[in-house]
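Naming follows writing order (A, B, C, D and E), and every chain is counted from residue 1.
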Amino acid sequence: MTALLEVEDLSVSFPLQRGLFRRGARLRAVDGVSFEVAAGEILGLVGESGSGKSTTGRALMRLVEPDSGAVRLRGTELTALGGRELRRHRRHIQMVFQDPYSSLDPSMVVAESVGEPLEVHEGLRGKVRDERVRDLLVRVGLSPRHLERYPYEFSGGQRQRLAIARALAVDPDVVICDEAVSALDVSTQNQIINLLEELRAELGTSYLFISHDLSVVRQLAQRVAVMYLGRLVEEGPSQRLYAHPAHPYTEALLSAVPVPNPGVQRRRERIVLPGDPPDPTDPPGGCTFHPRCPYAMDVCRSVVPEPTPVDGGGTVRCHLHTSGPVLAGGSVLELRAAESGAATDTGS
Amino acid sequence: MSVLQVSDLDVRFATDRGWVTVVEGVSFAVEAGSTLGLVGESGSGKTVTSLAMLGLLPPRTSRVPRGSIRLDGTELVGMPQKRLADIRGNDIAMIFQEPMSSLNPAFTIGDQIAETVRRHRKVSRKAAMERAVAALDQVGIPNAASRARSYPHEFSGGMRQRAMIAMAICCEPKVLVADEPTTALDVTIQAQMLDLLRQMRDELGMGMVFITHDLGVVADICDRVVVMYAGQVVAADDVDHLFSHPPHPYAEGLLAAMPQVGGAEWLATIPGQAPTPGAVPDGCRFHPRCPYAADRCAAGAPELRLFDRHRATRCVRSDELLLRGPA
Amino acid sequence: MSTGEGGTELTDTTQRWTRHVVAETTADDLGPPQSPRQRFWRRFRRQRPAVLALLFLLLLTAIAAFAPLLAPADPDDQNLRNVLAAPGADGYLLGTDQFGRDMLSRMLVASRISLLAAVEAVGVAVVLGVPLGLVGAYLGGRFDRWVVRLADAFMSFPPLILAVAIVAARGPGLTNAMFAVGLVTAPRLLRLVRSSVLSVREETYIEAARSIGTPAGRIIRRHVLPNVLSPLLVQLSLVAAFAMLAEATLSFLGLGVVPPQASWGSMLQEGARFVSLAPHLVVLPGVAIALTVLAFNVLGDGLRDSLGREIRSGR
Amino acid sequence: MLQLVVRRLAAMVPLLFLVSLIVFGLVLLVPGDPAITIAGENATQAQIEATRERLGLNDSLLEQYWRWASHAVQGDLGTSMFSNRSVSGAIAERFPATVSLTAVAIVMALLISVPAAVAAATSRGRWLDRFATVGTSVGVAMPNFWLGLLLATALALNLRLLPATGYVPLDDDPVAWLAHLLLPGFTLGLAAAAELTRQLRSSLIDVFDQDYLRTARAKGLRTTSVIAKHALKNAATPVVTVLGMRISVLLGGTVVVEQIFGIPGLGQLAITAVLQRDLPMVQGVVVVTAVMVMLANLAVDLSYGYLNPKVRAQ
Amino acid sequence: NTEATGSASGGAGSTFRFAYSVGPSRYDPHRASSSFDNASLFPVYDRLVHLTTAAEPVPGLATGWQYTDGGKRLVFELRPGVRFHDGTPFDAAAAKANLDRARTLQGSTVASELKAVERVDVLGPMTVSLALTAPDSSLIGVFSDRAGMMVSPAAFDDPQLDLRPVGAGPYQIVSYSPNDRVVLRRFPGYWDPAAQRVETMAIVIQPDTTTRMNALRAGEVDAALLAGNQVAEARQYDLGVVGDVTLAFYHLQLNRTRAEFGDIRVRRALNHAIDRDAIIHGVLFGNGKPAAQPFPPGYYAHDPDLPDPYSYDPPKARQLLAEAGLAGGFEFEAIVPNTDPGTAVAVQEQLADIGVRMKIREVSSGEAADLFYGRQQGDAMVAPWGGRADPIQTLGLLYTSKGFSNPGGHTAPELEQLIGQARRTIDPAARTELLHQIDRMVLDQALDVPVVFADTNYGHAARVTDLRSWLSNKPEFRGVGAAGTGR
């Protein structure tokens, strides 16, 4: 697979305005993030609240201006485009947002909302546009007669279908789904996930699927990237990542998701991370995860880890793989297995 | 002996279309020192039921025409608000979904906890504050004494929820009702919270009602589960049995929709949408969405059938069906 | 539907649940389509006070439009030998004023000026406040900052005092007075438009429009404007109420309309000197003003409630 | 907190500059020649010219602005064209009456609105609420000069309950001070009371729907303490905002109310100055009231810190 | 109804509070600019010449005066033993200082009235003499007004003079807050104790007539200037009312060089179109007299034998217009001060009856004179003419070609010549005869459209005695008594 979308060393920060004399401080929401999405691939981006997932997505769309880094779509450097040029290229990369209730303009009927990209990019109007919108509605599993309806008349799941239809209207190469299913009931969530999978198979569109829900991402993504406090801590094929997490944070995250099976869940050994995610305005030095990391070493406090390749694909940023016990691309689970053999007290 | 016994509870609300029954015939019991899970889709009446248990339903727009709620033998339905207020926060406490908005932003954390203590215990302001600090310490807030002087916005989401728990347990209630206490939290924080709640339940021997959407959480913390659909209890079971042999098709559907470890690429969904109160279908309320529906399902409203003290279903075909859960 | 052939085998349960299909909601289940306007009417109709207020204002507008035809007498015709006649006396339904003019006719004709005053002030406020607020708030930047500063500066003046000062400088008269009232209201309107725009700007659908590649001008026209219209409408009704009161007050201070033109405010001002001899001179225009202002306010409330944002529920 | 005050005060500087420009700009709007008025009924052309010269009306606008503004900064707002007295002095003399009147109006507005709003909000949808809603609408709609006229006639002249006109300084006789301000204060404050009631009612209703109120009730708190402690403090923020905006309206309203009740305050000064075309005086009053409004807004901003600890932190 | 009589003890503590519509523009009499100032100035400043209630000159600080040199010299004998409030004695030197100050002070508003004065000489300790450039009979009247007010020479250069006036009047200032109130206390050394029957006096300024009435009704003042419509009301509340016509009259004053007003037929038509009785009845509630001549009945300048040629006669008016070729009427703009537009509104409607459309341009009262006289805007003005201390002043201002209050400067040569002659005529009887001739000519030429002499009314509490109505329209409170102290 060749990379369709390349993101290289992307950083985004927001100004912090606090006090009269502390101006100039900035919050680094995204810090040196790199990844690639291949054609027809779904890349899952997971992480806890505030880790910078949405900001990454918005930076790709140039909805926020990145501080540095490059975003290339089919080799075109999006970060270098401006004005009209940028607007033209926006058709290749579209977005579906989290909140199905506010992502559709309440004052517009479906035909206008979903048809807006067609008007803007292809200058379609009136009947021609409506025809295309009808097709799109059918494609996302809605009745073509919904054309003259207002968003408020739809349920959350239906609205999310509308949002997807709008994103697909101009045949984009990449669709960024920012928590596109988080606001929905499990069952509805599944319907949308099924729809996305179906569309990917049918149209070969690539997706950047942002979610905090690991199990949802696992369902959909071929590859997964994990963010913590603005940095990508681990990335790799989902099979590998779920079965053999290489980063302690990934491990903890997976372990924290309760398994819907009482027998298993009760017996399962769980890692409960102490404390809260750190304050993004004042991140810890070195590896930002070190204050909560059960395996933290001295080096973690001072040195920012570099990406290291992982067995089975992907990369990880963790000193455990280069110094200390030297996992060298192996799974952290090995470490735990080794440890629990010796002393059985690493859990809560 | 059940510390909390809800039987045959109806709740009605005044709406544009007149009085609408939102919760109907709900019964369950909570044992001291164990956790009862209350699950169901959005709008199935979980929150309404829990509010009814604390007498927190809006006074003029709601009504409990039928049923009984007994807390340690005391009947709460029909009790005057004044006496209910004495019981709330003292014998039965509640924590809510949004730790962000459930704490009053205008007062310090310590103040809000101490207020509860002073309301129910005849103690000095100072002693109440000491109790508040102790409770914060108990729920694992570091430097409890100084953090008690913080305002809610100075706390992270997890710490706020800890503070809510501290507030709930500071008078050592017999029953703790937790309405989706972890839904708004990150999974790593959720794991902390589940451990903490389990620990508090065991330390204080409380009975706990735990409301959630997430069957994973149910599997983690609940001993028994009650499944609600469209305002009714459709299934009740202990947790292991429910996950292996769901007693009701709806329960099976919920379980099937859970993303599974190494699960299929194609996800199960419960087709259609839950009915809105006041527009429930005749017969079994679930039958329009049920893959097992037969003609008689549409005919008469099924009763909740008890198998034994713990297990019940509201499905007329439960005997003939062989329902399977993931576990 | 492509099943998971390539993936793991579906479990029985999953298969059963996925194969079971229930008809999704279709357009026909939703009932006839309803535009926001229709929905607004449906809701608005339920608000009886607001409906009454609207009817009152419509009636008033009609009266104002046809006042010369409706007036039983020439409103300027004096009868200095029958001044301050009580209502009902000598065939004068509402009595006469201090020049012996027919109060009914004058009340009718004055309604024109009073309404016109409100319309003028609202017009000035809209022209000055809305475009600046709309564009400034959406685009932000230095221009916006200065607009806001200027608005703040204007808002630092007590509105009536500024209006009095402006009228002092420009001279009395309806146009000057209403220009002043419009000028002092404009920053408030601008503020409101701005804050609505700022909150609409944060809505996801604006971000969605930007992500589509919609140009800013189109976003302002198609997305921002329609969505700030309802709070704007509500506010306009309140501005109209304020303008009525302000006109009355300025007229009361002798800074408003010029005789023989009469507005309710100026009638009140002239009548105030006769309050103990002929209370009807004060009561009638006072009640008329209060009722109209009340109607504008109630209408505003009704609009607010009927235009309120959609409750976040599916259907 | 101190930082907040400093920052707010600093933010007032550009605002003050704009305000001064606007106020000075008022002069440009004036069509007439004030010199003719000042020179007197029987003035000759030469006298008028001399007057122009004396008043500096022949200088360039920039010079005139600079002269005015640089003096204004030092508290010297110039000299009345009409009476030759210091504008600052005249304003200082009138200041207490207007501040007293406004303060009494605000206090009355609060005394009326808080209980009314609590009663309305807690009995939402019932007759008490409807009554309050109608009452507030009427209160807002009533032209206050009209109300003042009626009140003065009914209560002061016919029933002789309260004084009809005049003002007694607070330090002369506090009781008489209050007695003289009750009617005008009520007249001025009623519209504010109505608007505050509306705002407080709706923000109370909002707060009643908040989760933390449910928490407070879940703790077993009594309804009174839920409302008095938890609801009111939180509902106060938007009310304080409205109050802040109202202050400028109230100050404006003094123009009429002082006229009706014969109170020697800034409003009356403004009107007299306007009728006498005494521009320095008009400018002075406008500037001073604008600064009062700014300070009131500052107070409002600072009170947010008390009501909402989040603001305090920033 | 010209006087509230009775006697009251002027004991300690007696107070008289009077509500007036405007405060003094400033308390320096030579710089004060409005005729309304006098009410506040009189108690503080005594003046050379006093006026009777009928506005005839009588001795004041000057016990007598005499024109010599064929009218080119005016000699005043001054009252001995008078002191200013600050103790400075009043003598010829002080009088000369004052007169020179009035003539030469920068910003003097009275200098133009003293144009004829060339030099002031001290002839003796109590005698001053004024050398005149030409005989000017109006000076006696002038010295009864602000020009004749004596300021303590010690206070001449006091920058605070406008706030703390020092005169030789019956009352001295206690406190003064401009546009609010003046508080005065009896000055112990005053030469005429009969003028000081109350211990303290306050002049309360209330621009709003209703507020003034309210204050009076509520007992917050003892007397107040009333509007015509309030007279009946005041009586209804058992308040006393004194009131009579004054020199002030409402007129439709024409700029005779504009619109159609150059034509005498038009001016006569306008005069015939005004229904003065109706206006008195309707607008003034009966409190006034119709005006034809520029002076009210009862004043020496008024000619009682002169019949009013302009009866209310709309057909005649229309006919005159038709003769002037204006059968279709015409339109003009009238400047109207916004304080009291009632008369203007009535006039407007009556003119409309003969097809003349008068457009009202309302302006603030301070602006009206500026616009109409100064910048000669507007075709006419409907406003009260305040009257002047001497009839010659009124005539000179209104009807001579150089008169400031005669925009356009239209006049009749014989009239101008007559006015000059009257100014030079010292003998009162001869002068009065000339004034009557002028009246006749003004009337004949229809130079003006006088409308009404409105009564000036003062309402007062029962305990107030000897409050009088002054033809000059400048109320003095000499001899006003007040029993008790009021509320």
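Criterion: contacts are C-beta pairs under 8 Å (C-beta built on N, C-alpha and C of every residue); 3 or more make two chains touch, one makes a residue touch a chain.
As the structure is a prediction and not an experimental result, all values here were calculated from the model.
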What's the fewest number of moves from subunit B to subunit C, given that each move must go to a chain touching the current one?
1
Farthest from subunit A in C-alpha centre terms, which chain would that be?
E
Between A-B and B-D, flag the pair that has more C-beta pairs in contact.
A-B
Most distant chain from subunit C by Cα centroid
E
From the C-alpha centre of subunit C to that of subunit E, how far is it in Å?
50
Calculate how many whole Å lie between the centre of subunit D and the centre of subunit E, each centre taken as the average of the chain's C-alpha atoms.
39
Starting from the mean Cα coordinates of subunit A and subunit E, work out the distance between those two points in Å.
89
Listed in rising order, subunit B residues that touch 2 or more other chains are 253, 255, 257, 263, 265-270, 273
For subunit A, residues that touch 2 or more chains besides their own
155
Specify, in ascending order, the residues of subunit E that touch 2 or more different other chains.
210, 339, 364, 367
Subunit C contact footprint on subunit A (complex, rising order)
58, 61, 63, 86-91, 94-95, 97-99, 101-109, 112-113, 116-117, 120-121, 141-143, 145-146, 148-150, 152-156, 158, 163, 166, 198, 201
Within the complex, which stretch of subunit C touches subunit A?
1-2, 24-28, 30, 33-36, 39, 203-205, 207-215, 218, 222-223, 226-227, 309-310, 312, 314-315
Subunit B partner, complex, touching residues on subunit D are 125, 210-223, 229-230, 233-234, 307-310, 313
For the complex, give me every residue of subunit C touching subunit B.
3-4, 6-14, 16-25, 314
So in the complex, the part of subunit B that touches subunit C is made up of which residues?
252-253, 255-257, 262-273, 288-291, 323-325
